[in-house]
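Okay, so chain A shows up in both of these, paired with chain B first and chain C after.
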Partner chain A sequence: MNDFTLLLPEFMVAGLAFLVLAADFSLPAKRKGLLPYLAAGGLAAILAFSLVDLRGQEGSLYDGMLVVDDYALFFKAFFLALGIVVVLSSVEYVKRHLEYPGEYYGILLFTVVAAMLLAASRELLTAYISLELLSFGLYVLVAYDRYNPKSNEGGAKYILLGALSSAFLLYGISQIYGLLGTTRFDGIHEALAATPDMSPGVTVGLVMIIAGLGFKVAAAPFHMWAPDAYEGAPIPITAYLAVGSKAAAFALALRLFGEAFMPAAADWQVVIVIMAALTMVIGNLGALVQRNIKRLLAYSSVGHVGYLLLGIAALAAVESGGGVSTDLSHLASNGVMLHLVAYGITNMAAFLAVAVMYGVTGSEEIGSLAGAGRRSPFVGVVMAASLFSLAGLPIFAGFASKFYLFSAAASQGLLWLAGLAIFTSLISLYYYLMVVRQMYMEPAADPARVRIPRVTTAVLGALFAGMVLAGVYPAPLLDAMQSASEAITSSSGVLTLAQR
Partner chain B sequence: MQTFDSYVLFALIVLPLAGAGVLMAIPGSRPVPVRWTATAFAAVCLALSAYVFLSYYLVHLDDGGMQLTRTWNWLSLPGAGPLADQGITLALGVDGIAAPMVLLTGIVMFCGVLMSWTVQDRGKDFFILYFLLLSGVFGVFASLDMFFFFFFYELAVLPMYLLIGVWGSSSTFSAFSRTKEYGAMKLTLYLVGGSVLVWIAILAIFVEGGLGTFSLTALEQVEFSPTFQRVFFPFLAVGFGVLAGLWPFHTWSPDGHVAAPTAVSMVHAGVLMKLGAFGILRIGMALLPEGAETWMPVLIGLGTVNVLYGAMSAMGQRDLKYVIGYSSVSHMGYVLMGLATLHSLGVTGAVLQMFSHGVMTALFFAAVGVIYDRTHTRDITVLRGLAGRMGFTTSVFAVAGLASLGLPGLSGFVAELLVFLGLFQTYPILGVLGIVGAAITAVYVLRLLAGAFFGPSDERWAGLRGASRLEGLSMMILVGFIFLVGLFPFPFIRVIDTGTAELLARFLSLS
Partner chain C sequence: MELAHFQVLSAALFCIGLYGVLARRSAVLVLMSIELMLNAVNINLVGYAAFVEASEAHRALGQVLVVFVITVAAAELALAMAIILRLYRNRSSVNVDEIDLMRW
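What follows is the complex of A and B.
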């Protein structure tokens, strides 16, 4: 019997989405400013409820297709919190630049449901459906600025390549199902661990799934759509795309590679390693030549996907006999989660600061940030701090998370790749500093002080505090991550493919 | 007292941060309370750092080892090894090498704040970043865990970019110009580039150690394989060497120092470059002694080039600050040479030279800062006969100059003498070259004094104000320490010797 109370948070967010859409009909136009507060307040209440209600709960629904465990809870909390931040960062932007706030917030809430379900799915098709629900919402949101040709262009590219990646994913899933006879993660794990020899068909399936997910997270060589989609989308949606869609895909990837595909690590690890190396190099080199701040952050986020992939590759250590050691899996998956959180907080802060300056200058050129540090010291500090955090400098979250993640990778024998990651971080520091230089060393074209709405100040302040706190005292976060990791992988023991 | 002792190092790291926090709360439109707050915090830090040194000298000297220690668990690293529960700890403590460095930081920090009362533009932000920087410096000298060592090391680099880029000054030469943005970017990229190598080496040591911890005290017990040591010691030597001004990675140093505002030049040349040498000692030589033995002949060669090349370059400069910048490169060469002797005299001399050069170069930059502030030029072909108008500044510049050329009775003499004694025990020929370097230093310092300060006075400088009372105080403190180390070097030598003896014991066990 299914215990549907386990899914209450998802039901409640979906209900909230309908409530927002319904309120949009009934509210008079001048009161529509209340919609985001309804959405954010609702999400906050659901977040509090989930943390109280689901802590320590273990259970599964629909014959194990959806699970509720500490891992799912961790990412549910992550996406709910992210939802609150995105909604509140959108308030000003939507009011000034977009029409139809009801649908905007409604669709946003549906994507939150999708991301939450994705973290809970333990079966390929359920995961696929959740991923599609997320993507469809994002397709609409990217193209939401409908009179802006760039938004349309970005949306179109995103849909086309999104559909292509879905095709890859589905083809991979069908290969796996055809050859192993199951789509459940534990079933795949058992089947792979028991196979005497991996059939090439399974390898094809694995590679297809990796390619499909690679498109979704914009990993090189599947990253080409990202800068255009990022540039075209409304700024809060760009932020959501950079953080939310990636976190969701990695929430799936950790479970997929940490549990289902773990016994076949010898086959996928090298693919992920190559992809990680390519992604961090291409992302960071691409960012060097950008003039549009959104494109710069897009390429920088491609670089960060490389670091996260490094963590995925470090989930397993392939031993010489073909066995797979999972001694350090927890270190790696904690590292990925910590970096997701750090990167999430930091990027939300950076994009919100960009949105504030865009609201004043109307330009997305990096040059338009000139003198921002003087025009609004607060926004300047938050933006500079997030750039330093992205570059991986202390006392900000990015330093602690990179250090942890790279330590995990080095421990798994990927020291050279960790070294490459550190080196590309140095490259990234250059282009981040060029932005800092604009903000603090170039004179402003218009030196007038920038007035910031109170909500924006509060969100920026909270993100800044989070950035520093996660950078100097991440221990409580890591406790939560550790119990999340324990839910997806067993920490010790050597898995063997029988007689490889 | 026990509790106070276990918190004093932590306080030294947190106080500058707290100072930055307090400054944020003061409105920037009121510069006077901002300056007084900054001065008060710096004074407390100076007092605490003096306490650290004195307590090591007076109380703990016979015990030796790490003192004033305190450890907090920070993060565990599940599955990484037997000590994974203490994977990353905030472990603080000072030995005979770190104690004088902490004192040096306190001195330069306080004097730098006094010199910064003249900062007009965004003075509050300046002090906030300045304090962040110093929190990092104190942290490096006090950390006994590689994670936090590196954390503070990077923290010390981060504010530099803004401090130089916003408050610095550009210089124009006949053929080319060096903007402050150029200097800031070059410095930051070089230093972070060096820390790329350091970071890789730290990760390698963590993995190879197999303990699952970054704690230096735990990793010191590990015998790393000779091949590993030989491969990774250069990563540390070059990575940290960049910050220590190691030739040929020194080019950021003159450009950066020249572009930086006075107090930042003081801290940077005075203290920050010492972080590099300290890193080679604390991580490189302590953990990888065999690697150090293998590579030291190379390092000593590079150090010699540093001394000679730096001194020759200093001779050819027209800009007063470039002269001092290159003389720093040259003097850091003595530090590297001393370390590379692996002889107790040489290493002790190197550490004393770190202290001595720190005080001396801070004094140089302070004096140059005053001159530049009044005359708006640093061109030594334009500056003439300043002595008549700026007698006090001229005297302190002369003291720093004489200390740098190694006049007996001043700090530079003792330190360089020890280095040379160490060199003659190990590499006598390089010892001779080192003395040649000192001779070249004498030439450029005396030429500078004769040209820019003495000689016929110039009517352009008729209305010039001398150093203000605060600037005078700042410079007098530094002069005092130059004489103190020069005349009574034994407290310093005994403290440092305790530290180097423990370090070199690791090398004796090799042979």
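What follows is the complex of A and C.
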């Protein structure tokens, strides 16, 4: 029967979300500053609990719709930690620029639950519901600054295109259900492996699902909403959108493509490869012409989605006879997870630094960062380090993860794509350096020192330490990822499909 | 009545909806077109559930999927209308061509 203790972390985060909403009702207005600390403290306790309680646990609930394994645990820990960072980065911004802090933190916590469930779901409908719960929260948060027309506009574009992408995803799911007879990942895997020729209907379903997920992660050619939603959203939410929503969608994609669709790799790999190449090029070229720092980071995150898609494509090696070899898929899935972590830490640091400077200058233009390196040496160093890490320069996390990811792709035979990834990384160095130049070479309009709140300093310091640590010594992280990868690839085992 | 009828109807409705999303200028009508696409999904699911030869549980799954799609679509619609209403209050327009504060 179902062992509901396996779902305790999810229940606790949902409970915490309601608790925050209830506390918002009962606290007097001047005490509402406590809400983020309640949320962050609760998340930290739940993170500690899940790491202790769920380590090495295996189990499935609701007839295999949700699984608890090392892979789910890895992403649960990731999303809980991310939740803490986002909540703490929001403290200052929400206090100054937004109304209704209770709902803000409550909705944020619900999106954390959704992301955790998404990593644990092993069935298409469950995955879809979790994805929608996550998206609904994000739609509201993007449009949260309700008197700001840019925030409205970003939210409207996001929800219209998000709803469109759901329609695509659902049409794909209905095709898979109708033609393969199941929505469970292991069932889809068996059904695909058993049919030597794939019917065109299933191909339509696959392509629709890829398009739907492509919208959610902002992969080209479905990325048009991303820069607008990112620019319009409050800065901490932009960071969360760039890291959390992508990590959640990729947590689903790894399981979906690594397990369910693996036997059909010959059919989807080429689609993902083309999308990855397009996304890398469009994201990095688009960033070159940006004046707004949030928009620049948005395009850069589109570029990073290209690198992550490269990892998804590298999950399988399609052999000339049509067989699929999964001998090296754990390398690719490790690479994707490592890059998600590295990119997550780095992007949170970059956006938090941007938020600090926005609090002082009130402008999001790249020009407003002029002299930031002298106005606040600490923020300058963290920002520069995170930009270098995003570009993939050594000693920072971005280098280790890009190196791992690209070499995994190369070892799966996607050499030209890995080459393109390195080339586009070089392009990205140019626009990151332009920002660094603003911060250190240009004179500041107002040379006064910037005062940083203590919480922000602590979060920035922790993220900076994480960035360097993950870049210099990623071994413990990789161990956790290895056992996570084994959890998603072991059920299929090494798969050589002679019949395809 | 065969399965193919349902599939063709569903595919046609999906394409009409997609056309509406691309061609309509009012955000509310874009939203209605998206609803059309979601209903195409429902027809597809109902058709499969009714005609595919399979166990009871498998058929029920298709119908359960429909119920979930309807529910989530209703929630999505409410949320989208709220955001579009906000847009209208701030800008007195819901024409998607005029929503262009941010370009490139």
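One rule holds for everything that comes next: the second predicted complex is superposed on the first by the 489 of 500 C-alpha atoms of A that agree within 3 Å, B and C clash if a C-alpha of one lies under 4 Å from a C-alpha of the other, contacts with A are read in each partner's own complex, and residues count from 1 in each chain.
FYI, contacts are C-beta pairs under 8 Å (C-beta built on N, C-alpha and C of every residue); 3 or more make two chains touch, one makes a residue touch a chain.
Here the structure is a predicted model, which is why all the values come from computation and not from measurement.
A.B. asks: Would you check which partner chain A:Pro149 touches, where first means chain B only, second means chain C only, and both and neither mean what they say?
C.D. replies: second
A.B. asks: Is A:Trp268 touching anything from chain B or chain C once the two structures are fitted on A? First, second, both or neither.
C.D. replies: Neither chain B nor chain C is touched by A:Trp268.
A.B. asks: Name the contact category of A:Tyr430: first (chain B only), second (chain C only), both, or neither.
C.D. replies: Only chain B is touched by A:Tyr430; chain C is not.
A.B. asks: Under the stated touch criterion, which partner chain does A:Pro394 make contact with: chain B (first), chain C (second), both, or neither?
C.D. replies: Touch status of A:Pro394: first partner only.
A.B. asks: Quick one: is A:Thr182 in contact with chain B, with chain C, with both, or with neither? Answer first, second, both or neither.
C.D. replies: Only chain C is touched by A:Thr182; chain B is not.
A.B. asks: So, does A:Phe79 touch the first partner chain B, the second partner chain C, both, or neither?
C.D. replies: Touch status of A:Phe79: no partner.
A.B. asks: One more residue to check, A:Trp225. First (chain B), second (chain C), both or neither?
C.D. replies: Neither partner.
A.B. asks: List the residues of chain A that touch chain B in one complex and chain C in the other.
C.D. replies: none
A.B. asks: Name, in rising order, each residue of chain C that touches chain A in their complex.
C.D. replies: Residue list for chain C touching chain A: 14, 17, 21, 27, 30-31, 34, 37-38, 40-41, 44-45, 47-48, 52, 54, 58, 61-62, 64-65, 68-69, 72, 75-76, 79-80, 83-84, 86-87, 90-91, 96, 99, 101-102, 104.
A.B. asks: Of all residues in chain A, which touch chain C in the complex?
C.D. replies: 125, 128-129, 132, 136, 139-140, 143, 146-147, 149-150, 152-157, 159-160, 163-164, 166-167, 170-171, 173-175, 177-179, 181-183, 227-228, 231-232, 286, 289, 295
A.B. asks: Residue numbers of chain B touching chain A in their complex, please.
C.D. replies: 74-80, 125, 136, 147, 150-152, 154-155, 157-158, 161-162, 165-166, 181, 185, 188-189, 192-193, 196, 199-200, 203-204, 206-207
A.B. asks: Within the complex, which stretch of chain A touches chain B?
C.D. replies: Its residues touching chain B are 327-331, 334, 377, 384, 388, 393-395, 399, 403-404, 406-407, 410-411, 415, 418-419, 422-423, 425-426, 429-430, 433, 436-437, 440-441, 474-475, 478, 482, 485, 491-492.
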